[in-house]
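Each of the next two complexes has subunit A plus one other chain: subunit B in the first, subunit C in the second.
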Partner chain A sequence: MGSRIEMGAPRAGRTAAVRAASPLVLLAGVGKSYGAMTAVEPLDLAVGHGEFLAILGPSGCGKTTLLKMIGGFLAPSTGTIRIGGADVTRLGPERRPTNMVFQGYGLFPHMTVAQNVAYGLRLQKRPAGEVAERVAEALRLGALEGFDARPVTALSGGQQQRVAVARALVMRPKVLLLDEPLAALDLKLRKAMQEELRRIHRSIGGTFIFVTHDQEEAMGLASRIVVMERGCIVQDGTPEEIYAEPKTRFVSGFIGEANMLPGRRERGLVRVNGSLCFPDPGPDGPITLMLRPEAARVATGESPVVGIDSLALRGQVRDIVFLGAVTRYAIAIEGGTLLHVTDSDSELRRRLEVGVPVTVHWPQRSHRVIAEA
Partner chain B sequence: MRDARSLANLMLLPSGLILVAFFLLPVSYFFVVSFWRVRSYKLQADATLDQYVEVFTGYWVPLLYTFAVALAIALAVTLIAFGFAFYCRFRAGRYGMPLLFLALLTLFGGYLTKIYTWKTILGAEGILNSALMLTGLTDAPITAFLFNPVAVVITLAHYTLPIAILPIFGSLRGIDEVPLDAARDLGAGPCRSFRDVVLPQAWPGLVTAFALTFLFAAGDYVTPMLVGGPNTSMIGVFIQSQFGHRVDAPLGSAMSFTVIALSLAVILGFAGTTRYFTRVR
Partner chain C sequence: MRRGGILWHGFAGLVLLFMLTPLFILVLFCFSRNALLSFPIAGFTLDWFRKLFEHPQFWPSLRNSLIITVTVGVVSTVAGTMAALATARLRRAWSISLTLLVTLPVMLPPLMLGVALLSYFASIGMRLGLPTVIMSHLVFTQPFVVAIVAARMASFDHAAVESARDLGASRLRAFFNVTLPIIRPSVIGAALIAMALSLDDFVVTLFTIGGGSTLPIFMWGMLRKGVDPTINVIAVLLMLLSIGISLVGLRATRYRG
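Let's turn to the complex of A and B:
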């Protein structure tokens, strides 16, 4: 590609070693509270060069507050923020090496596409030739060639979004911040923009931090996800780690679909739903058994064949929803709890109908036992 | 589609008829009359520019005075109204709307009421003089407060202020706050983002406010008569007298169209100048 838009930092590997050695963004004890209300509990976070980090959480979890503190729009109540080694805690957004893609984009409605993108460079009083060159470059990166003279109000949502990204990237920020960048787009456009953002991130090798409440978006874009709940970071890891090994009930429920069965662990033995009992080492107390819908299988007949390591629960089909690639079955197990299982087997779908007795089974390694605090 | 358009046209019809019958026709009539003359108290059809010559030779002083006063009022009021509207929109938080409502509440007080209010405040027996004498700052009432151009400016400014606040607030309300953050993010300080983002978008409201205030002030003849004193008559006073006891409709019409044309020039001048200073660079 050889794109000449570069972010202000050298390219670097994404290894944990590099991340730990010289984090680009370093938050130490950063928190924000409004009077008695705490939006973000004091937390630490290190973001390495070249990372594509998602801050994921439900609305009101403090993720946008955190991003705004990194961008300089909110002053933290406690802690310090360092970017590229320099303390920026007390600096406003106009003096930070960050640029933001705002929720709703925040384009200047009275300017054309090119004027929007050029604005920051004009403020820096760059020579006209350099401005024109860098604007053209940014427009090319955003696939916006030929849109220069259009008023931004005449653009579609997806185009406006790309202008917002181009306007921020033209400044060559050390860190690009994105606040719910795709929330205002419809599903199809969102998928396309995800690809677009991944392409841009790859081609300039920059550091992106974005905030989203959409777990699919986080999984699809980020190289690392930080999950927030009530102002705290509850888990930090790669998308694969977070999906496969959610640390808390909240994370497992928030990332992807999950069945949750309450149970207890006593002396290394877990009991769930009365009939299910299996060994699982750990401290005594209440637990939640988390089972992904695609991890379980449905079997019919009196004595179905299940693996040695597998667990099984008897139940009855309550609902069948055909979703295209897969079919989702809602199965009422003993005690009335509904388990959701997805399966792509069309032969199974023909055999099953509402009311049929079935057995839900899964290998032990595919569920997760989460101790309740 | 065609039905919708013809329905829209149909709905425009009543207001269109009213505009033509009660505005366009009378104004056109007086425009024609401004080229006529009066002989022995009777209108005579003619095609002469005498009346316009008379306006510029015999009435240039009140004309100039009128435009100076109206310009001073319009500029001051637009500025104050912008400050107030800006405060309501961006700084007052949830008190913004109540504050705006309070300002508009003053519109309930009638036009004449306000003129007499200012007479009461500024007069020899007025509140201002009583206060000054009570505090011992002056021994005798100061008569210079009233019956001068400043009194006219104060009175008209007070009356037109809420009328100017409305259009400015309207245009400020339409300004999204996210682009203001974006401007800061791209390196603009508060002054730059105000100049580059707020002002260009507030421009239509500013011009509307200026035009409303200016036209009101330039056309008013009651305020100068009541608080302006004997030698400070604005052109409106003379126009009124041409149509009143002087019975010189052609001269009155010529004066009116001169004022209309000059007012348009002033407003366009204001719009052009401010546009230049708020353009995207």
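Let's turn to the complex of A and C:
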């Protein structure tokens, strides 16, 4: 059951090929600096039809600046922005085929829900019948039926958020921009709104770009994630790619939990933590070994059975935290570094207690060796 | 009720009485037959109203006061709101310094302001009259408007205005559709304060009006000839005017949100 609201562009596949062939949004060398301070280094970015793109990064990384440049609220210092083939670099927000959902929503507090949603259409001087029809559709899409006449100030945070989304979508933008859309909501609502946003994106098949500092939110919503650090794009890929193959130490630490072990590579041989040594081709120099907590296993006993291509480190259990579905073990390995390992095996949990000597092991393919710059 | 409670309530009552008695007596003497402001009251009369309304200077003074008050109210509100909106866009340090600069005239004693304005108008050869009074009043009313509207803008959600722009509104349209309705109560409050200050002003007006007269100046002229209850009648009229303005304002600012 699809909604009749459609975004300005036809539906399109999400494959990389389509993305490259006709990007909907194309940023070329776009950067922003304030005097000597650079908020966004000149960067290129192409966003295809139908993508749900997350721009992810810590606060101050330039992600909101980038979004505001796409929306026309900030003029880039360098580069050009094209949307649907047209150069919009010098156009104000009112003349771009984009609409934005602001952090804090920016609702009009002196208007009702329906008046808020109808505002943009009224400005376009659409006939009253069309306005009423499109507003009703947008409210239905936002699950806001029956709220038409309510003042927006009387709504809960989640409802206000849906009004903001409906108010933007009623304009049928080619691209919907969302600035930290879920940041103001509490945890439970955030989960519910994630589902809402995914449902809305599915039902209209539009192109969404959103900014967030919350990696879980990015993983949960986006079909593609762009990770930013200090004004630069450090990685661009699907959530799976970024989680499994983070390109830098920063990305691996930012996306999901990760154990980081410092080491060195010399002539194709990586040494970590004194005792660990394995072949891994690449340039010589310092490296970081990145290991996800769920990728490692814990074994007890003097000579545990470890796979042929596995690596193992001896250690001692320091802390056990039961998290429900999994249990998290903090294990001090030789040298004192703490490794975190998560495991769902309840039998293992019964056997382990703080102080027990254990072996942490993992297959070689499940860690990543990241060369340090 | 506890003893302490009764004492406190009694004290509060006395304070109220002390503050309101002059107003009450003011109104009372408007209708008294006594030519002097003294007790006991000899009887009820409306003669003082008739006497005031027949006074050749009363109507021109009222007219001047209304022209000045309304003009000052409108101009200082428009200009002050624009100034406050401009400072709201600046960085914090800049906006504070600018607001301080704009509000500087308020810190001058009215007497100094009056003398300064008089010599200024004399030096540029401008004839004294209602225009000079209006300009002078703007000097000390506009800072209040700037301060009040700027305080409102400090907690203003700029995302609402940006949303309006995003939905297709020009800057001007976003201002009238979004900014103004949201800050309207503060703007109206600021206008009322500006009007009350202007209506009430005596010192600055005296220096800058030249030959004419406003209600406060008319009152002052009468006081010099001797106190009779007509003074009370003017005072009561001024009071009613102020209360009227405030009531209109309160109704207009009723914020549904």
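To be clear about the criterion, the second predicted complex is superposed on the first by the 373 of 373 C-alpha atoms of A that agree within 3 Å, B and C clash if a C-alpha of one lies under 4 Å from a C-alpha of the other, contacts with A are read in each partner's own complex, and residues count from 1 in each chain.
Going forward, a contact is a pair of C-beta atoms (placed from the backbone, for glycine too) under 8 Å apart; a residue touches a chain by one contact, two chains touch by 3 or more.
The structure presented is a predicted model; accordingly, all values stated were derived computationally and were not measured.
Under the clash rule set out above, the superposition-derived model of subunit A with subunit B and subunit C contains a clash between the two partners. In the superposed model, A:F278 makes contact with neither subunit B nor subunit C. By the document's definition of touching, both partners, subunit B and subunit C, reach A:M171. When the shared chain is aligned, subunit B and subunit C each come close enough to touch A:L107. When both complexes are overlaid on chain A, the residue A:F73 reaches subunit B and subunit C alike.
Contacts of A:Q124 after superposition: both subunit B and subunit C are touched. Within the superposed three-chain model, A:N99 lies in touch with subunit B and with subunit C [touch as defined at top].
Overlap of the subunit B and subunit C interfaces on subunit A comprises residues 71, 73, 92-94, 98-100, 102-110, 119-120, 123-124, 167-168, 171.
Partner subunit A is touched in their complex by these residues of subunit C: 157-170, 173, 177-178, 181-182, 256-257.
For subunit A in complex with subunit C, the touching residues are 71-73, 92-94, 98-100, 102-110, 119-120, 123-124, 151, 153, 164, 167-168, 171. Within the complex, the subunit A residues that touch subunit B are 71, 73, 92-94, 98-100, 102-111, 115, 119-120, 122-124, 167-168, 171.
Contact residues on subunit B toward subunit A in their complex (touch as defined above): 176, 178-179, 181-189, 192, 196-197, 200-201, 280-281.
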